[in-house]
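Structure below; questions to follow.
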Amino acid sequence: MSNTLVIKITGKLFDTNASLIKKYVEIFKDLSGKYKLAIITGGGGLARKYIGYAREIGVSSNYWLDMIGIRSAQLNAYLLISSLYPKAYPEPVNNLEELLRIMNNYEIAVLGGLIPGQSTSSVALEVAEALGVSKVIDYSAIDKVYDKDPLKYPDAKPYDKISIAKLREILRQKQLPGEYALIDLRALDIAERSKITIIITHYKKPNTIYDILRGENPGTIIYP
Amino acid sequence: MSNTLVIKITGKLFDTNASLIKKYVEIFKDLSGKYKLAIITGGGGLARKYIGYAREIGVSSNYWLDMIGIRSAQLNAYLLISSLYPKAYPEPVNNLEELLRIMNNYEIAVLGGLIPGQSTSSVALEVAEALGVSKVIDYSAIDKVYDKDPLKYPDAKPYDKISIAKLREILRQKQLPGEYALIDLRALDIAERSKITIIITHYKKPNTIYDILRGENPGTIIYP
Amino acid sequence: MSNTLVIKITGKLFDTNASLIKKYVEIFKDLSGKYKLAIITGGGGLARKYIGYAREIGVSSNYWLDMIGIRSAQLNAYLLISSLYPKAYPEPVNNLEELLRIMNNYEIAVLGGLIPGQSTSSVALEVAEALGVSKVIDYSAIDKVYDKDPLKYPDAKPYDKISIAKLREILRQKQLPGEYALIDLRALDIAERSKITIIITHYKKPNTIYDILRGENPGTIIYP
Amino acid sequence: MSNTLVIKITGKLFDTNASLIKKYVEIFKDLSGKYKLAIITGGGGLARKYIGYAREIGVSSNYWLDMIGIRSAQLNAYLLISSLYPKAYPEPVNNLEELLRIMNNYEIAVLGGLIPGQSTSSVALEVAEALGVSKVIDYSAIDKVYDKDPLKYPDAKPYDKISIAKLREILRQKQLPGEYALIDLRALDIAERSKITIIITHYKKPNTIYDILRGENPGTIIYP
Amino acid sequence: MSNTLVIKITGKLFDTNASLIKKYVEIFKDLSGKYKLAIITGGGGLARKYIGYAREIGVSSNYWLDMIGIRSAQLNAYLLISSLYPKAYPEPVNNLEELLRIMNNYEIAVLGGLIPGQSTSSVALEVAEALGVSKVIDYSAIDKVYDKDPLKYPDAKPYDKISIAKLREILRQKQLPGEYALIDLRALDIAERSKITIIITHYKKPNTIYDILRGENPGTIIYP
Amino acid sequence: MSNTLVIKITGKLFDTNASLIKKYVEIFKDLSGKYKLAIITGGGGLARKYIGYAREIGVSSNYWLDMIGIRSAQLNAYLLISSLYPKAYPEPVNNLEELLRIMNNYEIAVLGGLIPGQSTSSVALEVAEALGVSKVIDYSAIDKVYDKDPLKYPDAKPYDKISIAKLREILRQKQLPGEYALIDLRALDIAERSKITIIITHYKKPNTIYDILRGENPGTIIYP
């Protein structure tokens, strides 16, 4: 599907105030005239709160903890949908087959998550692979990829460009429900096998998508 | 369906800490041995937060604002389900026909909401009517029905028992999405036409359900 | 959804002969070139017959009696659909979320009913609210709103225009399944909160829709 | 599925008064304690009325005319369901895969029809074949099979027993939507290939099912 | 639905090598610019293999044997879909109501089968009837209709044109799951009642569809 | 869900003759009296054939190639289901939420696959995690885990027991659609995070499941 943008937004967007969310809504309305948009929202603070609740009331199954994360991300997705209908499909899309069924008839599709054990990044890569799109725009919690987690290590070195193979080496952190790092191994596997480029940019700079569409690099390009 | 309890819980339960939610989970597990349970959760603070977000990003349609309320209530429902499966049907039930399909095979069904323009109370009354149950246990934000809103008027007079007709007179407040009063006119219409009794008790006293099952009255009985 | 007409037709249309139904089909085909149509059909005599059957064979639950009314209305809806496909979505729409999903891709959607405890008018108002339409065209069993039920009181006084608040005062009749009055309180609640105007006209004068579209008033305008 | 009865009832039952329908409801409730029941209802006069309407408003497609017949039969099915829930699955079953999904969990399933171009008899035979049941009890509009249509020819000769092959020769009438004869060729094909016996009895004698269950023959046995 | 082609392809296509399948994909892509396509694939050798497996492991129910045939045909359908998306609906269509729902929004729909007891030809005729199309292009295992089965009888006489009535006389073979002859009685019934012409051509000559669209007759025309 | 066995069977089973499949059917029927079974089938030779076809007709998308693999595995699943109904749910289960919905009411559920980019092993681990089962019985193409691929290296050394961490080091092969190695990294991630033990045994020795149920080790135990 040429002319389709796959856009992942960290759930952190929904932990801020509504004005930033409103900015994204304006951008999506503007872009949806020229592009089809497949938007993937993370669970953010809502996911962490409800996953925390679940652990406290005795839930230890990773299936249920992940599903609570997915359902939280779907509430964030629904918030976007409420302001984008009728351009947007009126419900969070639940699986890839439903995505392919509706993309013909809608300009915007919004997903929260697909299946337990997947990060929001993996979902975005699966969406890109299913739609035959070779690029994912990743509004992340950091502005660039660093050799170490910049939120923990001030001396972390930023990359403008990095290969999937190189990044894979860096990514040895453990993935636990709700607290995914920058991107996970599984997402990189999909990007590699389907030659999908990931462009990391900071979620607090929503306009950087226009730079990307002009071929510029506001953050880090992860290339296959 | 004899031996079925219909239990409505105000969304405020999910604004507190997990320990009170855990108490409810224990009670439901205990009761589910002897009764079938149909539980209806409100949206609480989560609904108000996301409805507020939606208004700020330009959503004014009562359909979408109500649907955000329903989806928030369904996340609260999903939290309960995660700790009650396999006794509970593994998803929030979306409509009355689905409820009737699954009640044969599950001990517990949990709903968030059914359709825009309905309070959590109306949903509970529709559930009771569909299941042929003549009583709704309403864990409310107040311990009793008063002649005025006790949260606003300290001199409000409590009722142990009150008829639907009498309560209807008291209830002249405007219903707006997400900020429903004690109970709404529509809920009373359903209770009246299908002769359903509503027992109000305070959500901070989860054990009062055992008093009710022994025929006692911990709060207010609203009778047809 | 600009350019969308929400049209309610009393079930009585289907108690007459086919020639009047055919007239409506021609009008809908004509209008569907310029407008999207969301049509809501009542159950009429078919609903009353089958609800009567149900009572006789021992069904007393208002859930089941209302659902039989909805299913009867859906058979009437299906009759219209059979003559309007492929312009019309090929099945009676079951809920508001399905309505929003299909309205992008079809010129005509036809509904029978949504949930027990609702009149055909409430369904029409919920449809208008969900689609963001500020007007409902109500082909009713009477030509105008009167201060009393004209079918029972010959001296009933007609209104050209009436406010929702004023009409609410007049509407103190009891609502029982299958025998709804002109319009019910719940429908007015939705019209009021979403500022929807209802235009009453007589179902035996199908062409009056063209007057309405020219801004004229063939019956009574109920305004928020 | 041993211990399952497949019961076809002509739509004419629903053209009579409710007392006969009530009789069937009592029998089904009684039998459902010992047997699982798969009940197939015809469209009867309702189907003919609405098919007639459809033709008058310009519908000539056999697909749509048959589907109106199926939907009418489903309203008759729904009437039975309303009085048999929670023993009965709460909706008319739409296809054989859904039938197999629910038969494990419900004592009674009721169908109206499956696909255009099929008589109610074919539906009953497909149901028996799918459930692995070797007998269909056919409450027909005639008490026995005759060598000619007894409604048109007073000298028609009755059979107590007749082979499928023999009956096939007799059955050269044209099948048109809504006006099926006793049984159609397609139904006999299914009965033959899966060795299913059909027991014809008159719908005005509902108690004859007890004779059949005792191994007696109140009407005609059509054997493979 | 004017401008729609209904095309049946024998499952034997999928027993050959991929190059012939590729030819069909190119033709469908080319035609889908000017026509809507409803394509019905047979089960072929895959169906026979898995039906054989099923018999060997003890399955004797014609329901299950036919459903294995349908699921095999759906895998063949899915293979075509994988190369025709996004022009094609992304899944094998399961029933006629789904077909009518999607044909508005997709250029190509592919089906494997609908219900047990039906040949691929019957499915194609039901599809044509539902879509209001008066012609079915039947890529068959033989180039023409003969008075006897040419695969068994070298002296079989070919027909350029044959009436449904005449062909019905020839068709006295027994239909068993997976081993259908040229066309079955049921398919002819549908063709007759809805006046649908069937054009037989050989599946090893995919380009003959262009002859047919020019009004020529590469094989046999079966007319009502 | 205590008393539930999660059993993965390599697709190679369906490349052999039916007698081995029949053996498995007998074992599953026997076990289903004492255990609930969740069975996951691979795609085997059928998947490779159809994925090969797809590549030849120009399909390069990993989404579609994987989905063809999943649909092939679902045909294998359906073959098992046809001989296990009514103990088995009558269709291949499509996702984890459907699995949890049906496990209450069926003794056996059979899956083919869940989502592109997953091996059959990952599916089995996700199923075990969702059902809260701490063991997966993996009928694999090899009898034990070796330090190198025994199909390629005769001197490969077998393990009776091996930790997930140790196996992870061995597993550096590239995963490509349809040609998965013994087990993939993603499956080990799920096993590790939810402490699930995998017992490898050879698919040509179906009875080894009884050894496993007696606590013996016919192959290799991969432990968290």
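As written, the chains take the letters A, B, C, D, E and F, and residue 1 is the first residue of each chain.
Assume contacts are C-beta pairs under 8 Å (C-beta built on N, C-alpha and C of every residue); 3 or more make two chains touch, one makes a residue touch a chain.
Everything quoted here is computed from the prediction, not taken from an experiment.
**Q** Work out the mean Cα position per chain and let me know which chain is farthest from subunit C.
**A** F
**Q** With chain centres defined as C-alpha means, what is the inter-centre distance between subunit D and subunit F in Å?
**A** It comes to 43 Å between the two C-alpha centres.
**Q** In angstrom, rounded to a whole number, how far apart do the mean CA points of subunit D and subunit E lie?
**A** Between these chains, centre-to-centre, one finds 30 Å.
**Q** Find every residue in subunit F that makes contact with two or more other chains and list them.
**A** As it turns out, subunit F has residues touching two or more other chains at 61, 67, 85, 105.
**Q** Output every touching chain pair, sorted by label.
**A** Between chains, contact exists in these pairs: A-B, A-C, A-E, A-F, B-C, B-D, B-F, C-D, C-E, D-E, D-F, E-F.
**Q** Which subunit E residues qualify as touching subunit A in the complex?
**A** 85-86, 89-91, 105-106
**Q** Under the definition above, what is the set of subunit C residues touching subunit A in their complex?
**A** Going by the criterion above, the answer is residues 1, 97, 100-101, 103-105.
**Q** For the complex, give me every residue of subunit C touching subunit D.
**A** Contacts found on subunit C: 14, 17-19, 21-22, 25, 46, 50, 52-54, 56-59, 61, 64-65, 67-68, 71-72, 74-75, 78-79, 82-83, 85.
**Q** Spell out the residues on subunit A that touch subunit F in their complex, using ranges where they run on.
**A** Subunit A residues touching subunit F: 61-63, 95-97, 114-117, 126, 129-130, 132, 175-176, 185-186, 189-190, 193-194.
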